[in-house]
Amino acid sequence: MTPAKPTAILLVSCPDRQGIIAALAGFITAHRGNIIALDQYVDHAEETFFARIEWEIDSFAIPYDGIPAAFRPLADQYDIQWSLHRSDRRLRMGLMFSKQPHCLYDVLSRTDSGEWPVDIALAISNHPDHRDLIERRGIPFKLIPVTAADKHETEPAQIEAMKAAGVDFIVLARYMQILSPAFVEAWPMRIINIHHSFLPAFAGAKPYHAAHDRGVKIIGATAHYVTEHLDEGPIIEQDVQRVSHRQGVSDLIRLGRDLEKIVLARAVYWHLQHRILPYKNRTVVFS
Amino acid sequence: MTPAKPTAILLVSCPDRQGIIAALAGFITAHRGNIIALDQYVDHAEETFFARIEWEIDSFAIPYDGIPAAFRPLADQYDIQWSLHRSDRRLRMGLMFSKQPHCLYDVLSRTDSGEWPVDIALAISNHPDHRDLIERRGIPFKLIPVTAADKHETEPAQIEAMKAAGVDFIVLARYMQILSPAFVEAWPMRIINIHHSFLPAFAGAKPYHAAHDRGVKIIGATAHYVTEHLDEGPIIEQDVQRVSHRQGVSDLIRLGRDLEKIVLARAVYWHLQHRILPYKNRTVVFS
Amino acid sequence: MTPAKPTAILLVSCPDRQGIIAALAGFITAHRGNIIALDQYVDHAEETFFARIEWEIDSFAIPYDGIPAAFRPLADQYDIQWSLHRSDRRLRMGLMFSKQPHCLYDVLSRTDSGEWPVDIALAISNHPDHRDLIERRGIPFKLIPVTAADKHETEPAQIEAMKAAGVDFIVLARYMQILSPAFVEAWPMRIINIHHSFLPAFAGAKPYHAAHDRGVKIIGATAHYVTEHLDEGPIIEQDVQRVSHRQGVSDLIRLGRDLEKIVLARAVYWHLQHRILPYKNRTVVFS
Amino acid sequence: MTPAKPTAILLVSCPDRQGIIAALAGFITAHRGNIIALDQYVDHAEETFFARIEWEIDSFAIPYDGIPAAFRPLADQYDIQWSLHRSDRRLRMGLMFSKQPHCLYDVLSRTDSGEWPVDIALAISNHPDHRDLIERRGIPFKLIPVTAADKHETEPAQIEAMKAAGVDFIVLARYMQILSPAFVEAWPMRIINIHHSFLPAFAGAKPYHAAHDRGVKIIGATAHYVTEHLDEGPIIEQDVQRVSHRQGVSDLIRLGRDLEKIVLARAVYWHLQHRILPYKNRTVVFS
């Protein structure tokens, strides 16, 4: 799936019109681009076209930095919203977490092992518990305690620190604090949260307790982009685990940890590969 | 799982007390009962004990009809709520359905093939569409049309017909009508409904539309006992199916049909085997 | 997923070459085709390109029957292997089954309900048990008993009958007899079998017994195209079901029936929609 | 699931005989034992009875060390094979691994966080790569390189070191070397391996390559006790992950890592809780 040579990745969405694929593929081919992958989807109800096109940079007739200017006439003609990425640019991740370390451990094991081509530019926590885990790896760590009272004061410090670190996107690895609209707007559709339930069931606090009370036979976890509405952002990925009456709340919490880790990891992986297009509070994921 | 010889099945729940298992197993053994299966569970949060004990009738020293009287002293001592069943008595099912036939087909294929040891005593629908399917099998069919206006008039007819047919329990195979408290109270914890979502998400009407709008990546189905609160009864079984942005509402409906059939079938099977103990709006399922 | 207007569906595979997508999309667009869906995949290890393109017939400048001639120059240029289908032509299914009826019931419930746009042109069984089920629907039924001795005599009768009925493809709904190479060659990659194990584990006879002996914790079912090598053809779809030590062989058989039905149904559905490209004993499934 | 007070756990298997449960439960109750959980299973084909009984130690009339002597008469009467464990004794784990660190990371994250009540008494690897990861935690580490030639010389050193460390059981966290019968016999049914396929499919080396070649649509992982026959020991747990033609071998390897971690973790957790009874190359898992 990961190509050997550097690639350009173009994500597009536009009103569905006849000829759009031919126009896009034609643009790449006209400049001798070798298309590695082309994923396309039309939402016929919304009459909207989505695509992800990936082609090799080195053999392309247009240098990477010149692509936007070359593409603009086509984009204007078809009313295309687009973003361009290159596979050999490592994204900079901002990482936020709280006391529970399982997602943090999991994220670090994937960056340590090289599974994810990403740099953790900054880690912020409201607790000092896992400072060592971060600093041992040479990752900058900021302790920014949060209380209900001082939230309006601490959040600007978080935003500023993340901006100073030049993060491209932020992963909330069980951060457990609600972000303000100002924070969310600074990285729209670029903050990934893991919620420990099968959304929209059990949004909000203590979902495992709520799931146990309701007597569900399956629990879930949901990775989504953060919007200003708590647990209501576009869902990127979900997965589930069968349970029975034998599992008490503490068992659901224990089993859920593995779900949370894996669901978050899949979402981050697809984000890193520029495979996700959010629209209308949903996502197209070309996985 | 299905024993060769006729068995007695005792379902019990009571406050958890030391010695309860020894007392129960001792009672059976003292009368030379051969225990085929004993499933037990203690909800330590609720301090409640649940068990399902199954033993061979033929070699038991007490004739089946004499068991209640023999068991009563023990039941009183431990404050046990209990029910007794025998594996060789075929239950009588009442079947209700509407226009969509997939669950109906599935139920009939399982009774035709002998997978379920059950007799369909009566089938009621508010539409005539599938009358032939029922009558061809020699199953009594009653067409009872329902409109919002005449609901208070038609439901008594349904209840009366089901009672006259002597049904032990009722299966709503996508019946799509809300039952009144009076109906529910006539068969408490003995009416099984299939809801086409992963409850508690998307309760109520048009769950696949709601799931699509929310952009979930997994859809589900839920079999539950019907209570007077719509889609809020004790969950018996759930299962899920992965979907993606590529699936429109009609695809969710199509994929969901297979989920609904199988989830309903598992719930009915466990009910037939007396494996379900409802409590506190949850279920213990000794599957 | 199912488009409202009639579509042409082109399945192609060829050596991967720069410009192939642009050429294909360009061909359709040049004749004013409205592309509904384009799925593409490159096997970089094999340097092979695969695609499925679907566009509306009515607005296409070339009449459907003229497409092959119009497409041939492009096909020759890129060394393309291709097949062309139209969504509004109902395929003719040949159905073969034996004594066990669960897959048969399931297939019939999907054709009865219109879920599958297909006509069952002929049903053949080696047992008379389910004749009524077939004939009641007005489907031609042929009883062709098979014994080890007369296999060489009976198979020509089967092949001839299927050919006379003009079947496009054949579904083995638990037919349980091995087909000879001659039979397979008559419908290459157009005979779908359901095997009741997670292949390649437990190929051959009595897979549930073998699975139980091995103590697996998950059972499976596999739909595949039939080749001359038993249970070794290209896999179209698989699914699994968790089991435990509590399930004996008869439970595995019971649980497996639901798996078999659903896995077979998915494979047939994708075949009907021309979503499967077999290659090198594998399949590309544009589901 | 994990009781608050220290418990004794008795695992038993014996020929199935009338009265066995009553005898077992009666034994505990006669000495004022408070039974927390009793799981029982009869393999009717083998006429063998299995049970796991857990009761509180503190309130039991017999001190823990006296239980074996007190239980022996009953064990002799019913021909019971049994083992006794206490929940407040932390087991000592031996850990073996090779170059691939994902299962190692996962095991360490579970011991670090206290999810598993276990002490890693010794870690052995044939490569020095992850020495730091181990020693940083104060866990003894032994580097014992293995080549085909010197295997007969190195294995005694491994066995000796594990014995000196007093390990109760051994976890092969992707150790990738075959253990000799002598090694296996030193910890029978107490060495847990994770194999990166859905056994019995793809036993042996390079299972993901084999799975890709076969074109399976689902991959799996299997945790099992090690016997002298490679990949043929009793299966403890399995799980699977859906894949498609889009996933190349490297994707299967990446996706498989998460499966391997979780399947191994479940098996170790159940082993730590004394929930597994191996028999006839299968396992009863009272999960």
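Descriptive notes on the structure:
Read from first to last, the chains carry the letters A, B, C and D; within each, the first residue is number 1.
FYI, a contact is a pair of C-beta atoms (placed from the backbone, for glycine too) under 8 Å apart; a residue touches a chain by one contact, two chains touch by 3 or more.
Predicted model, so just to flag it, every value in this text is computed and none were measured.
Of the two chain pairs considered here, A-C and A-D, the higher C-beta contact count falls to A-C. Ranked by separation of Cα centres from chain A, the top chain is B. Of all residue numbers used where chain B meets chain C, over half belong to both copies. The two sides are thus made of the same residues. Each chain gets a centre from the mean of its Cα atoms; for chain C and chain D, those two points are 42 Å apart. Inter-chain centre distance (chain A to chain D, centres taken as mean C-alpha positions): 36 Å. Shared contact sites, meaning residues of chain C that touch two or more other chains, fall at 44, 246, 248.
Residues 3, 18-19, 21-23, 25-26, 28-30, 32-42, 44, 242 of chain D are the ones that touch chain B when the two sit in their complex. On chain C, the positions that touch chain D within their shared complex are 41, 43-45, 198-202, 214-218, 220, 234-240, 244-246, 248-249, 280-285, 287.
Taken in their complex, chain D has these residues touching chain A: 1-2, 101-102, 105-106, 109, 112-113, 115, 246-248, 250-251, 254, 257-258, 262, 265.
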